[in-house]
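Just so it is clear, A, B, C, D and E label the chains in written order, and each chain counts residues from 1 on its own.
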Amino acid sequence: MLEIFGTEINLGPIWLTLEVAAITTLVLLVVGTPLAWWMAQMRSSNKVFLEALVALPLVLPPTVLGFYLLIIFNPTGPVTEFLRFFGFEGQLTFSKTGLVIGSVIYSLPFAVQPLMHAFEAIPQRLLDAAATLRAGVLDRFFSVVLPLSQRGFLVAATLTFAHTVGEFGVVLMVGGNIPGETRMVSIDIFDHVESLEYDQAHILSAMMLVFALVVLMLVYGLNRRFGVKVG
Amino acid sequence: ETANIAVAANFTKTIEAVGKVFEKETGHHVKFSFGPTGKLYAQIRNGAPFDAFFGADERRPKKTIEDGNGVADSYFVYAQGQIVLYSAKFPVKDQPLDVLKAAEFNHLAVANPKTAPYGERAVSYLKSKGLYDGVKSKIVNGESIAHAFQYVVTRNAEIGFVAMSQVVDPQSPVYGKGQYWVVPQTDYKPINQGALITKRGKDNEAVKAFMKFIKTPKAIEIIKQFGYNVS
Amino acid sequence: MQNKPMMHGYLKLKLGEFELDSGDFSLDLDGVTVLFGRSGSGKSTLLRAMSGLDKRTQGILVVNGKIWQEGSRRMAPQARNIGFVFQDAALFPHMTVRQNLNYGMKRLPKGVAELSDAEFNEIVSRVGIADKLDRAVTYLSGGERQRVAIARALLSRPDILCMDEPLSALDWRSKSELLALIEDVVAAYKIPLLYITHSPAEVERLADRVVFMHDGKIETVETLQEALARPDSPLFAEEGVVSVLEGLSMPMEAGLHPVVMGEDRLWLSDLSELTQKAVRVRVLARDVSIALSDPKDLSIINHFKTTICELIPKGEHRTLVRLLMADGQKLFAEVTNHSAERLHLRVGKTVFALIKSVAVTE
Amino acid sequence: MLEIFGTEINLGPIWLTLEVAAITTLVLLVVGTPLAWWMAQMRSSNKVFLEALVALPLVLPPTVLGFYLLIIFNPTGPVTEFLRFFGFEGQLTFSKTGLVIGSVIYSLPFAVQPLMHAFEAIPQRLLDAAATLRAGVLDRFFSVVLPLSQRGFLVAATLTFAHTVGEFGVVLMVGGNIPGETRMVSIDIFDHVESLEYDQAHILSAMMLVFALVVLMLVYGLNRRFGVKVG
Amino acid sequence: MQNKPMMHGYLKLKLGEFELDSGDFSLDLDGVTVLFGRSGSGKSTLLRAMSGLDKRTQGILVVNGKIWQEGSRRMAPQARNIGFVFQDAALFPHMTVRQNLNYGMKRLPKGVAELSDAEFNEIVSRVGIADKLDRAVTYLSGGERQRVAIARALLSRPDILCMDEPLSALDWRSKSELLALIEDVVAAYKIPLLYITHSPAEVERLADRVVFMHDGKIETVETLQEALARPDSPLFAEEGVVSVLEGLSMPMEAGLHPVVMGEDRLWLSDLSELTQKAVRVRVLARDVSIALSDPKDLSIINHFKTTICELIPKGEHRTLVRLLMADGQKLFAEVTNHSAERLHLRVGKTVFALIKSVAVTE
């Protein structure tokens, strides 16, 4: 609890939000990178289909997406059953896991699209050069592709992170708004607005904006300092 | 003449049914905009083109009048919500309190007590019966009563306090499935849903006619069919 | 019993309208093999296909008994132990010069020792980038990039080196320094080199054999001697016919190097210390004049008594005279028809060949 | 009205959604292109600040963003007053204009980030070459920069379009959910869910998904066919 | 009264550790000006600064009375009417070859007529890309890209042409075809050309003046004559000293072109039709031999009676002999010290200069 201008602010949701956003970003970079690379390399017409598929989570309103996630991830549904088979205990919804899964799905396009774009822009001749210097596929990826798509990663990471922070519909739907467990700051602000506690809403919003501004400026600043321009 | 009426989301279906009859009988035209009550309040406060406002509670309609955005003497309670305890798994019909006491479920869905009167009444009911502490850790908050209901329908929560209107509707996905128990009206403060004519709708004939119509027995009959009380 | 290192196969690669169709070929993998041909004839494409850099390559390629390509299955380029200097350098833009150089050195195959610091420093300073090691590569000049690319490939200690016009953007001094370096490295580490160039001078200096390409096909593979023996060789297209003579170099006398060829002595005024005993010198046919008697009061010091063994009309009022030297080597002289008539040149006639200038090739 | 599997589907919200999404995409490309170009060219440290600023709309939950837009575009607020001064009549909120403004602001980062990324990847030497062929700044932009950032435009346009189609919070808040005027399909689906008309919700969602999949595949397919690879 | 077209100024440009600091310079803008210097000496940087392509350029630049640069204010490159052929071609990857060519043609300044289709076709076919007009540029070979870049610049009808090593990736035949084309275009449209090359042969063929660069500085600006007259000229570093003689070409006799130089006649066996009356021929000093008497039974056809006017020891056992021809032109001969002693060469002595081969430069 924090008091600002005589208004009490609960910091819990803020920390939770940052945690979920960070985990989501991490997961999406880890999952999205091979996916984007694979798609960037694809030449078949499946590529078009995959590209469209990846963009789909954007098309459904988050609350609706959340609704379907509720259906898919329900504790007696096939997904949970499947995970149970591998020793998973517990429930996918109403937990941090659920929040992360929901955010990951919802933000997928923001991670994959810029990454793919960045990967496609890497000149083939540099990969050729690396191959003749005995770098295998993975080695090439880490030593040439990754550093040269820095800007793409930055875009992907900031879009994903910011988007998860501001995410509302999906986490609201899947999370269960349990104070201290799944109440993210976006829901918190919304609740304040709904119950006419505008002061709290204003303060929380301002905090998030300032915080985001600082973080983003730091990230972009670092990138500008250490960035490489290809081409 | 046409009237734009803002209506709390939980009353969506009911008022559409009423509106159909009204339009047939009077030749007036009504357009309903649905949304969370707090949001509708904020919209009216910021110049939304609504001629009347049907809230999900008394507080925000009254506040609209206080703000000077409503016609002072137009306020009335158009319906009272009824809480039911629903479960597809537990025998809530016969031993509701035992089920709650045993708390053998993982999640109990309740509308957010902070923003939805249904949730607020459900929580205070639990408290008055001394059951709250036992189930507190199992509670998941739906943002609205509809959202709490979705938790139950999708089986993410095995049990939940929902609105009567949601279980008696023949179109409801739980209609005739599982069990529900109507929480006695005497055990909680009535959920009065208040309505009013906004300043903008002051001279709108359609609104005046609709407000009159909704108090007719014919309309009250419909409202009751959807699971609301009208006193 | 060890077989001679060899590369043989048949490669095909269709790129849009262009089609590489090498035909059966077979190359000894020692010393320097030059790919020669006009712009657009498919040299770069063939070299890329040999290195496994193009997935669409078809055909067969066997190198030292190992199968590198069979049908459309190819061994990955990184498994081939090839060093490649690309026509456009292809430096990694996110690394400094030093990091570019280290890239290959950090990825040596097991059992291959890294070059010592001394060797590293020597290569780097001979390539002329010692003072640029910690610069970003993005803003290097055209020639500097090529030099870094060469050093990078040399330092990665490949089994085979491929170079695609590595010296095209360099001034002649850098060029000749780097040629010397490449020769030394190839000789010291016994790395076979596949080399693309448009410059006959580079071919004559480096090549052991030449692959002539035309229109996506390998026309012939010839040893340098064979390539030079043909008067119509594409190598001569620019400077005209060239003879390459072999001899033994002797210690210097009066600022001149004698090169012994049988009974004859060729005097080289070449400056460089000749380390090798057996040397190869290159004589442009148009640098050889013919005299009927041995002229005395002339600044030309190399006079050989020869016999005319062939007169080849070259058109354009020129005649190519093939001369037989005392030790049996052939020497070309180019004269105008006018001179040939004036001097009554005939097959079998004994004449004196005057050689004004001479370049050492190896 | 359309009947699918015996369920009535109102197509109005779908058309409205497509219209708003198309306009938003157009506006964002027109507005975002110069902005992204200007930012890509910037060398000063303001760039970092601007980049962060552009990403900000992501950080606020859409409903909260909508709430602030509602306050800013209030018919008696300064922005509207300012526009009045130039002869603007009408209201910025609760109209299609409002929907577009809200969506434009909310989707700004999705347009600007990929465009900026694409612009920054264009090799300076190509611009130099164009300059020596007498192309002025604008000419260079249209003849070299635009075609070479095709992929960036594609990413920007699809992210923006899809995001606007799936947008819910902002349009609900700023638009007011007025049937036939500002009820977008995302809200419509949500209303159906609220009023337990799950069939309609499923059908509408499926329609949107299929439609989006087809459109996206077309767009990506065309791009693949006519695309250029730089570098 | 019209002033001579001129470019003068003083340009500075700091790039990381490298600093271009031209010093005051002044160039006549007619014919061909070559920038010459070693790799990394700042040639490309200077040319870019002159063209206004680098925003960081400082200094002053005045071209034909118009101010192109003053302090850090520069006229935009697109307003300068410059054609530029970049070291790496810089073709637009989203256009076909034809669209690349059209790019400049569609942007002619007012009052400049577009080239006719015939002219277009001629340039395109002489550049050798007529059959590639509708190809995408992405997969052109190295040489093909340079040729397209050259055609693109020529077709844009600039007031000044700048070329940065435009021929480096070409085989000699393409090279000489394109050199002829460049010469023709420069002559026909009177476009001054600023040209970077590492090849002395190209300098001698094209240049009217040479800008020697070293370490970011302009060392000197010399006419080709001056540059060739200096025995220590950097141009000679590779092939040794060169003389350039001027004369009038006459109709062909017996397959040879006589070039009249005062009383002397130089016989050119050059194949090409000489269109010009005044010709410039290039003679390598090492292609000139000295005889004390006029040798008769020798295939060398060019014998000139000359006077030794200077003996320049060149070190490395060589002597450079400066000879005065009958018409007053200077001719260099390079002989070994050994020969110089044997023939008792002294200043003032009359000797015969024997010129084996001769190349026409212009």
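The working rule: a contact is a pair of C-beta atoms (placed from the backbone, for glycine too) under 8 Å apart; a residue touches a chain by one contact, two chains touch by 3 or more.
Just so it is clear, the structure is predicted and the values come from calculations on it, not from any experiment.
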item: Clusters that remain linked by touching, chain D excluded; value: one piece
item: Chain D reached from chain C - shortest hop count over touching chains; value: 2
item: From chain E, the most remote chain by mean C-alpha position; value: B
item: Where chain D and chain E are represented by their mean Cα positions, the distance between them in whole Å; value: 56
item: Inter-centroid spacing, chain C versus chain B (mean Cα positions, whole Å); value: 90
item: Chain A and chain B, separation of their C-alpha mean positions in angstrom; value: 35
item: Contacts with 2+ other chains: residues of chain A; value: 67, 123, 187, 190, 193, 229-230
item: Chain C: positions in contact with at least two other chains; value: 88
item: Of all residues in chain B, the ones touching two or more other chains; value: 39, 42, 150
item: Chain contact topology (line, ring, star, complete or other); value: other
item: Pairs of chains in contact (touch as defined earlier), listed by label; value: A-B, A-C, A-D, B-D, C-E, D-E
item: Contact footprint of chain C on chain E as seen in their complex; value: 15-17, 37-40, 44, 87-88, 135, 139, 141-144, 147, 165, 168-175, 198-200, 237-238, 254-256, 267, 269, 271, 286-287, 289-293, 295, 297-301, 316-318, 333, 335-340, 343, 354, 356-357
item: In the complex, chain D residues that touch chain A; value: 45, 47-49, 51-53, 55-65, 67-68, 109-110, 113-114, 117-118, 120-123, 151-152, 155, 158-159, 162-163, 165-169, 186-187, 189-190, 193, 201, 205, 208-209, 212-213, 216-217, 220-221, 224, 229-231
item: Parts of chain A lying in touch with chain B, wherever the complex brings them together; value: 67, 70-71, 73-77, 91, 93-94, 172-173, 176-178, 187, 190-191, 193-196
item: Contacting residues of chain E [partner chain D, same complex]; value: 48, 51-53, 76-78, 81-84, 86, 88, 90-94, 103-104, 107-109, 138, 152-153, 156, 158, 162
item: Complex contact set, residues of chain D against chain E; value: 123, 125-126, 128-137, 139-140, 143-144, 147-148, 150, 228-231
